[in-house]
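Look for chain A in each of the two complexes below; its partner is chain B in the first and chain C in the second.
For the complex of A and B:
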């Protein structure tokens, strides 16, 4: 069973690698990632690609909005990690 | 013979091909980059004569931004390639000049300097220029659906004085336009932002530093690169890609091909394109004189980084009727960057003078049996370069330790671009698609120019046509 906290860490690791120059330690869970970090659509593509590469998790394009904040990422991804 | 099979083939190990290769190999694609030449870089490469090393193409890296300047092209592409900004070891320009017979405008990486210069030299036009800046800042130049509008028409709505229009266009045309005397407005905005709003810098070690970083990244990701591999045929069946033939004797199968060799050059090797209209070959090529001197330019009275020199009221960015245009040039002084944190890697003075040139005339000379004629004309290019340097204010108390002159035929030999074009065809494939399913264009003829532009082109075409395609 993968916990919420573990999923959060995994997502954070991915974001830290993508946003090389950003400080990701202070990310607020309920605020949109775009508002806290300099992420554009190219970077969101990378989050999706990294989820697939590292964890074999597929996020179909219609579900991209669910990756908007850390809280929604965790909520959306936890069931996928535990499938 | 059993055919090798990979996921993606990238044609050309220039900036765009390497960037595309990094992106695809990062996501576990089996990537093979094929390069005809024995080194990487394409239009931005390097060579050595004796112990001296020279850059070709790169005068300066455009799109200078500080690392905190988010969302700008350079930082975007660093993120996409996972290369930390510091590794480029960038030094900013001192300042550059647009030198016309009547007036000279100075610009730096701070746009205010140019605005002040315009307000001093063209007081009636400064309000229009400020409105033009506003229009440019708000324009989405990389939108792949922008319609083609000529830039001089748009700029004419803001600036009335023709000589100022000519001066503003001069650096932008010669640093990236495949079209003569004007360009598409989206292209203009890309160039304007990259040169006037962001600006020039130089990586320590020149173009090699950039290439080494890209090659290292590609290797770490497991991407493969093969030199001396000329793509002699792009094979498709019923409009769908099958693979490529290299060096006339080996076939490699693949699902996708990203070609950075140019649009006409690509179409030229696809057998299924024989029925189709061939894209135009561009008209613009260049010759360049490189002088290595015993004194550095600042000891000879010049501390400008780049001088856009033009000795006519109008700027003629077009194919000259003579071997080369003697009356205009870009003069670059690689010693004149602000080497505060990083070093000037040239121990001697290096001066580069680039003129617009006529490919056919040079090609005729080169093909003639008497090789003396070609050498003699190269010497003329050099003598004219010295004259232009003098007009730029360079004192003549220097000795030339070494010189080298390249011409459009040299460019063709090393880049394989038809007619030695540097900015490619006047036909671009902005969204990268071709009539062949699975064959895409990246690099110069996709339409993002400059070193930063070409890397972004490779990245965005790899993202759009390969990585995103997989997610659907």
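For the complex of A and C:
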């Protein structure tokens, strides 16, 4: 069983490797990532690709909005990590 | 007599080379006969001689943009920002819509394509859903120049000039032409290459029997020597700030030199072999446009890559035009820095431009056993010579029979 906290750490690790110039340690979970970090659409595609490469998790295009904030990422990804 | 709006001058230089990351480092290396060539490991090739640049990729761009972009883009951004800083142009006051970026390239996209295919086969079992969404913006041919515009907020034109190993000269020529056409008021122009990041270029030169190698990397390429060995692939870049003389005068700019002539033509004879007759023609037309005679040229900088055909054909061309000119001296740069491909012409010109000020002509890397077919008059071999330099003629030639000659005059 992968916990919410563990999924959050995995997502944070990915974001840290993408938002290389930002401090990601103070991310507010309920605020949109784009409002806190210098992220654009290509960065979100990077997040999707890294989830696939590192964790074999597929995020279909219609679900991209579920990655908007850390809280929504965790809510969306925990079931996938535990499938 | 041209007016100041019809005269194009160089007011800034930014570069990275196997001998250093600014004009003074490159010049010091060339005057003192230092080699910038090292051994390095290349995928599928093992140990090869190459000319590598060691500059701070994130001096002028963020880590994220570097990761998103390309090595070619990183070289371009570094050289352009260094050139801008060197020029003293008031960037905040500059109309960015009237700035153009024109960069010569030998090729672009091979690095990224090789990397993607390597990962596709070795990590992803040929599942193309792992192919990067960054592939297209990284591999479009305008990428190196486009990254510069993103970095500097330039909204004028940008593109690259694909011109094989003549590209460095062609980038500068393009910039000068766009200024003369009044398309822009300021041009960042030159050439760049990231070719050392690909195995393909090394493998192809090896298959052609033209890849230079030696246990001592500094001896891996010896242009004009009987034991010339072949080509050493290098990376690098040189970007020039070009302006109309009228604009340069207005802001009391430092002026490195004036572009007084240029020409480009085609051999129309072979994919790879050079053509002496067309090279002579190229230099002749450039001198005609410049309004000078061969005897007025102080330095002829040869393309001289260290291949049999290339060296001999060019020596015949240079001797054919300049053998009766007692004050015209000949040098070549690739023995020190290797062949920087799309950057070669621009980088090698930068190596000679300080001669207008320091009064020396840098030598060829010491040619121990001069090929009799390359024994042309006034070859500067191994030791710099003192000379009052006023005019430099810079040659760069490339595959598919593309020739370019650029003539720079000391500004007075």
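Rule of thumb we're sticking to: the second predicted complex is superposed on the first by the 83 of 83 C-alpha atoms of A that agree within 3 Å, B and C clash if a C-alpha of one lies under 4 Å from a C-alpha of the other, contacts with A are read in each partner's own complex, and residues count from 1 in each chain.
One rule holds in what follows: contacts are C-beta pairs under 8 Å (C-beta built on N, C-alpha and C of every residue); 3 or more make two chains touch, one makes a residue touch a chain.
Since this is a predicted model, take the numbers as computed values, not measurements.
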Requested in this report: May I ask you to decide whether A:61 touches chain B, chain C, both, or neither, giving the answer as first, second, both or neither?
Outcome: first
Report task. Figure out whether A:53 sits in contact with chain B (first) or chain C (second), or with both, or with neither. Result -> both
Query raised in the report: Of the partners chain B and chain C, which touch A:45 in the superposed model: first, second, both, neither?
Result: both
Report task. Going by the touch definition up top, name the partner, chain B or chain C, that contacts more of chain A. Result -> B
Query raised in the report: Which chain A residues are contacted by chain C in one complex and by chain B in the other?
Result: 18-21, 38, 42, 45-46, 49, 52-53
Query raised in the report: Which part of chain C faces chain A closely enough to touch in the complex?
Result: 62-64, 67-68, 129-130, 132-134
Report task. In the complex, go through chain B and note every residue touching chain A. Result -> 26-28, 67-68, 70-71, 75-76, 78-80, 82, 84-85, 459-460, 463, 467-468, 471-472
Report summary line: Note: in the complex, chain A contacts chain B through residues 17-21, 38, 40, 42-43, 45-46, 48-49, 52-53, 58-61
Query raised in the report: Tell me, which parts of chain A touch chain C in their complex?
Result: 18-21, 38, 42, 45-46, 49, 52-53
